[in-house]
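Both complexes below contain chain A, partnered by chain B and then by chain C.
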Partner chain A sequence: MEQVVENKKSGFDKYKIKKLIITLLPLLALILLFVAYIVILNINDYNVMMNLKTLLNQSLILVLVATGAIFIFTLGQFDISLGANALFSAVVGTLAYKATGSIALLFIVCIAVAVACSLLNALIASVFHLPMFVTTIAMLSVLTALATFLIQSKGSASGTSYSITLPAELVDKLAPLDTVAFKIVLLIVFMALMVFIFNFTKIGRKQKFLGGNERCAKLTGISISLFGIIAFALAGLGVGLGSSMTVVYAHTVSTTTASSIGMSVFIAIVFGGMPINGGARSRIYSALIGGFSYNIMTNILFILFQSMQGVRDGLVQVISGVFFLVIVFVASINYRSKNLPR
Partner chain B sequence: MEAINRQSKAKEIGKKALGIFTIPLLVIAAVLIVCLSSGQMILTTDVSFYGFTRYTAVVFLTTIALSINLSSGRFDFSIGSLSTLSSVIAAKITYAMLSGSGASAPVMLLISIIVGAALGALSGTLYVALKLPPIITSLGVTLIFEGIIYMISGGRYITTETSNSSMVFFRENWWIHLIIIALALGIIYLVFDRSKFGFNYKALRAGQNISVNTGIKEIPNAIICYAICGALMGTVGFLQVLPGNQIATSVLNFGSIGIMFVAFLPMFIGGYIGKYTNDKIGYLIAAICISLLSSMFALFNAKTITASVQSIVTAVLLVGFLIFLNNEQTCKDLVNGTLIKRLIKQYKEKKNRGESDDKPQE
Partner chain C sequence: MKISKFTKGVAAIALVGASIALAACGGAKQTVKVGVLVADASGEEALGFKNYLQRYVAKEYNYEFVYSPAIASAEQAKSQAETFIGQNCKAIIDMADKNRGDLAKLCNDSKVYFAIGSGMMSDGDFAASKKLDYFVGQIGPDMQTEYETGLAMGKYYKEVKNVDNIGVYGAFIPNPMHLYRMAGLLTGLDDTYKGQSGQNIVFTVFGDDAQFDAANIAGDVEIDYCAGFDGEGAIFGTVGGIIAKGPDAFLSVGMTTTFFADMLDEAHVEYSDIDSFTTQNGNHMKTGSLKYLSGKYSSSLGPIFAAIKSAIDGKAIRNNGEAFSLSQGYWTAKSSAEFEKFQSADSVNNPIFNKTLLDTLVGASFDTFKAAVELDRTPQ
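Let's turn to the complex of A and B:
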C-alpha cells in the first residue's frame, strides 16, 4: 500500500515537474539566448548597450501588438490585419501630430483609430455572421489601401516610394519618449494591465473557456460576441500603442511601415509557448518571451554570418524558419493528436 | 404526370442557370455601364486581351491551389513563396541549360511545375511529419522559402534569365493561356472528381475521424494535395514572369504572402456558383469575372483609379459578397419585401416559446 502511495506520489511529482519544465521552457530558452547574445557581442567586440537598445526598439512594437493580440488568439481566432491596422493608425496619428504638434494627440489618435478598426472587424463579423478570418483579410486590403492613399496624397516622394516625415522641431519634441527608460516603463505598465485582465479578471478566464470549448462556454451563458468585441478592443489598444511608438522611434511612416508585424505576431506568440488554437493553455506573457527570443535569435545569426554579406539576410531567415519549426515541434510534443491537425 | 415532371425539371434547370450566370452577367453589366459612360471599351487591343487571358489563368490557378487545402481546414501561407521560388529555380536551371535560346519558355514552364510540385510535396511532408497545425508549419515554410529566394537572387530582380523571345511569344499568345487553363481544369477535374484519390480527399474533408477509421490513408492524401497545390503555384510563378520578363525577389519577412490574396474573392464566388455546377467551373467563372473587373480598372490611368482604389473596391466586394452568402435568406426576403413579415413572425414565435418555457411543468 505504501509502495502504491509512493509510486502515485512520485508519478504525480514527475508529471508536475514535466509540466513545469514545459511551461518554463520558453522562458529558459529566452534566458539562454540572452546569455549567448551577450557572450557573442563581447567576443565580437560589439557595443553591448547599443545593441541591447536596438533589441528593445526591435522588440517593443512587436511585443505591444502581439500581447494585445493574445486575447484574440485565446478565443481560437486570429487577425491577419494587425500590421495594416498598425500602419493605418500610425499614418493618421502622424498626420494629427503634424497638424497640432501635440504628443498626447498622437497617442490618442493612434489608439482610437486602431481600436476603432479592430472593433469594426469584430462588429462586421458578429453582425453579419461572417468568418472572422475573412473579415480581417478584407480589412487588411482596405486599411493598406487607405494608408497608401494617405501617404501618397499627404506625403512626399523619394524616387518611387512615398513617406510622411516629421519636421525637425516635432522630432525634437518626441526625444523624451525615445528613451530606454520610457520604453521599459511603457512595456511594464502595459504588460501589468494585460496580465491583470488576462489572469485576474473574468474576462481572461471566460476567454480561455471560450477558446477551449466554445459550445460549452455558450451553454453556460458566456456571450461569444461580447468577448470577441472585448478581445478585439484590447488588441486594438496594443496596436495603437505599437503604432504610436513606431512614430516616436522612426519619425516617418511609409507604405512598408509595420508591414511584417501581422505575421511576426504569429511567430512571436507561438515561439513564446502559446497554442495557436487558444484555450486554457494560453499565456499572456508568450508575446513578451517570444518577441524577445525571436529577435535575439535573428540578431545572433546576423552576427554569426556577418562575413556572408550577399546571402546573409536570406540565410538568417532560413535558419530562423528551421529553428521556429523545431522549437514549436519540441514544445508541443506532448499535445499530439492521432490524426493530422487542422 | 410527365408534364409535371418536365415542368419541375425545367424549373430546376432555370434555377441552376440563374445561380451560374447571375454573377457573371452582373459583372458584365457593371463593366459595360462603366465602359459606355467613360466612352472606352475593354479588350479591344491585343495587349489588353492577352493580359486578360493571362490574368484569368493566374487567378484561376491560385484559387484552385488555395481552395484545395483551405477547404480541408489546412490554411497554407506558403503558396506565394512557393510560387516565386519555383519560378526562380526554373529560370536559373533553364538559363543554365539553354542560355535563353529556342524553347526556353516551355522548358521553364515544365521545370516550374516540377519544382513547384516537389516543393509542395516537401511542405506537405513537413506538415505530416511535424504534426503541427498547418498554419504554423506554413509560416515556418514561408520563412524558409523566402530566405532561399533571397539567397539565390541576392534580393535583386531576375531579368537576364527570363528575357528571351520565347517568353515574349508565351506572353503575347492568348491561346497558350487558354490551353494552360483547359489543361489545369481537365486534370484537376479528373484528379478530384473522377479518381479514388479525389473520393478519399472529399471523404477526409467531410469527416476526418470517420474516414481515417474506415481505412483511408490521410498522410499520402495530404502530401499529394500539397504537391498538386505546388504544381499549380509553379505554373502561376511562370505566368507571373511573363508581363515584365522579370521576377521580383525582394520578398523577405513575409513579403510573398500577398500573392494569395488575389484568390479569396474568386474562391467565395466560385464556391457559390459551384453549388449549381462543378466547383472548378465555378472557380473559372469567378476568375473570368475578376479578370474582367481588372481589365475595366486598367482602362483608367493610374491617377484616376489608383491601385489603392482597386484594392478597396475588391475588399468591399469580398465583404459584400460574404455578407450575402452568410445572410442569403435575409437578402432574398429583403428583395421580395417579406423581411419585416418574417422578423415579426420569428419574434412572435420566440415570445410564445418564452411564455411556454416560463409555465410551470405539470
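Let's turn to the complex of A and C:
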C-alpha cells in the first residue's frame, strides 16, 4: 500500500507501464520478427516481394478463421472442429461454384454452410448441456466424414487422395480475387468489422465478461446461450470466408484441405497475446498479429535450417514448440499479477 | 541485483531476435537452386531420389536441391512452390502430385522451370499445360508400363509360384497408376473383374464412378483384398487379418514395403511390391519375406535433371516446341542376389545416370533424349 502511494506521488504507475508493455509485446515481437525476416531475405538475396506475397497467402486464411474464432476463445471455450468446418464448407462451396459458375454463390454457400455448422455446435451443446469441447470433437468427425463422402463421390482420384478440381475457365474467373490487393482489402474490411463488434458493441464486452467470470456475468442477466450462439456464428463467418479464399487460392479441394487449420488457429492466437482462458484480456487483433508472427517465424526457421534437411522439419517443430512455451510464459506474467484486469 | 520475471521475458525475446539475425549471416551460396516438392520425404522411393539428387547430382553440377516439408494439400503445394520461387529457385521438380496443372501455370507465370519427377499428369492436365514455355516435361512409367508391370507380377505368381489364395493390397486405387497395375495383376492371375480382363478392367472401374469393389473379382485364385491407408491403425488390423489366414503370398501394387513390411516379415508371409531399389528394400529381400520387387532405380531421376539443366542453360529439350512426356520402365528382382546386382549397378557413388551420361543428355535433341530415357537399362 505504501509502495502504491509512493508510486502515485512520484507520478510513476509501475503497473500501468508494465501492462502497456506486455500488451504491446506481441506487436513488438511481430515487428522484430518482420525486421529479422526482411534482413534474412536480403542477406540471402531472396525475392522480398515474392516472399511477402507468399506470407500473405500463408497467413490470410489462418487470420480470417482465427479472428472469428477469437469470439469463442474469449468465452473460455475451444472449437476443435474449425478445420473440418473449413473443409466441409469449401467442398460444398466448390460444388456450388462448379455447378453455377457464380463467384457470389461460392462465397455465400461457403459462409452459409460454415455458419450453419458452427451454430449446430452451439445448439447441440446448449440443448444437451454438453461441454462445447465434446460437441466440437463430435462435429469434427461428422464434418470430415461428410466432406470425404462428397469428395469421393463427386471428385476424382489424384495422387494418393481424391479431390475436386475446378476446370480452367472457372479458375480464370477467380483470378481477380487471387491478388494481393483483393486479399488486403478483404482482410482490412473483415478486421474492421470484427474490431467494431468486439471493442465497440455490447457483444464484445459481454463476451469478455462471460469469459472472465461466467457466474457473475449470468447473475447480471447476460445469457450464456445467446452469446455462445453469437460467438459461434461470428466464428462461422471467419471459417466461411477462409474456406472461400482457400478455393480461390488452391482451385481444388481434397480430404486434406485445411487439415492444419485447427491447431494453427490455437497457436496463432496465443502468439498474438490472447490469454488461453479468454476473458477480459482477450484481444481481437491477436489472430492478426499471431498469424503473421507464426508464419514469419516458421519461414525464418526453414531458411535458417535449409542446409540441415535431414533434421530440418523436426527441428523447426521443436523450436516452434519452445517459442510457443516462451510466449505463453511471458504472457502469463501478466495474468499472475495480483491486480484485477482493468 | 534483482531481475524481475518481466525483464527476463523481454530479454529472452530480444536474445532470440538477435540470434535469428546473426544466424542468418553467411547463408547465400552461388549454386543453382532447385526446389523439390514431396508428399512424403521418408518413403523408400523418395529417399532414394533424394540421396541421388543431394549427394551425387548436387556435387557434380554445383546445384542445390531444396526439399519441401511433406506436402499434404493443394494449397500447401502452391504455397511451397511460391516459397521456392521467392528463394530464387530456377526450377521446381514436383513429386507431390497436388494439382500439377495449377503449379505448372504458376511456375510459367514466374518464369521458373517446372518438371514432374514422379508419377504422370493426367492426359487432360498434360494437354492443357504442355504448351507452357517453362513446363519442361514429365518422365515416368506410363500407364501401359504400369499395366505390364502388374501383369508380369500376376503371371509370375500364377505360373511359377502356383498360388491359390493370396492377399492383395490395392494401395491408393482408384489412383490410375495403381488401378492399371491392379488390372495387370488380376489379368496375370487369370482372374477377372466384373467379367472383364486386361485394361478393360480400368475402363469398367472408371465407368462405375471410379469405385473398385473387390466383390467383383472372380477366378481360380482366391483374393483377400484391402486398400488405402488411414494412418490410424485400422488398415494394420485389416492386413493383420489377411496375414492370419495364411495366404500363399501377399501381392501389392505399391506402398507395402513402406507400410507393412515388418508385419509380413515377422509372419514369414511372402510378399511382392512395386517400389524402388533402396537399401531398406534390399534388407527386406535379404532377411525378410520380400521376394519380388519391381522398382525404379534412384538415378532414374537423372534425365529429368538433365532436362532442367538444359532449360536453365538455355538449351531446352522440347518435343515439337512443347513439353515432353516420356516413359521409363521398371526393373524387377526376384531374388536377393538379383536385387544386389541391381543395387550395385545404381548406387549414390556410381549411379546409372552418372555425370558422363548426363552430360550427353544436357542440351541433346529430343530424339536423342527420348532414346536415352526409354532405353532398357536393366543390369544383365
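In this text, the second predicted complex is superposed on the first by the 322 of 342 C-alpha atoms of A that agree within 3 Å, B and C clash if a C-alpha of one lies under 4 Å from a C-alpha of the other, contacts with A are read in each partner's own complex, and residues count from 1 in each chain.
We adopt the following convention: a contact is a pair of C-beta atoms (placed from the backbone, for glycine too) under 8 Å apart; a residue touches a chain by one contact, two chains touch by 3 or more.
It should be emphasised that the depicted structure is a prediction, and the values quoted were computed from it without experimental measurement.
Visitor: For A:109 in the superposed arrangement: first (chain B), second (chain C), both or neither?
Guide: In the superposed model, A:109 contacts neither chain B nor chain C.
Visitor: Check the residue A:321 against both partner chains and state whether it touches chain B (first), chain C (second), both, or neither.
Guide: In the superposition, A:321 touches chain B alone.
Visitor: Which partner does A:259 contact after superposing on A: first (chain B), second (chain C), both, neither?
Guide: Both chain B and chain C are touched by A:259.
Visitor: Looking at the overlay, what does A:329 touch: chain B (first), chain C (second), both, or neither?
Guide: The answer is both, since A:329 touches chain B and chain C.
Visitor: Look at A:170 in the shared chain and tell me whether it touches chain B only, chain C only, both, or neither; answer first, second, both or neither.
Guide: neither
Visitor: Touch test for A:313: chain B only (first), chain C only (second), both, or neither?
Guide: Touch partners of A:313: chain B and chain C.
Visitor: Identify the residues of chain A that lie in both the chain B contact region and the chain C contact region.
Guide: 259-260, 313, 329.
Visitor: Which part of chain B faces chain A closely enough to touch in the complex?
Guide: Answer in residue numbers: 72-74, 77, 126-128, 130-137, 139-144, 146-152, 154-155, 208-209, 212, 218-219, 222, 252-255, 257, 261, 264, 268, 306-312, 314-316, 318-319, 322-323, 326-327.
Visitor: Along chain A, where are the residues that touch chain B in the complex?
Guide: Interface residues on chain A, with respect to chain B: 124, 128-131, 134-135, 137-142, 144-146, 148-149, 152, 259-260, 262-264, 266-267, 270, 276-277, 310-311, 313-322, 324-325, 328-329, 332, 336-342.
Visitor: Could you list, by residue number, the parts of chain A that touch chain C in their complex?
Guide: 18, 21-22, 25, 28-29, 32-33, 36, 39-41, 43-47, 50-51, 53-54, 57-58, 61, 153, 156-161, 163, 165, 168, 171, 246, 249-254, 256-260, 299-300, 302-304, 306, 309, 313, 323, 326, 329-330, 333
Visitor: Going by the contact rule at the top, pick out the chain C residues touching chain A in the complex.
Guide: Within the complex, chain C contacts chain A at residues 5-6, 9-10, 12-14, 16-17, 20-21, 23-25, 27-28, 39, 54, 66-67, 69-70, 72-75, 78-79, 82-83, 85-88, 96-99, 101-102, 110, 119, 122, 128, 172-176, 209-210, 229.
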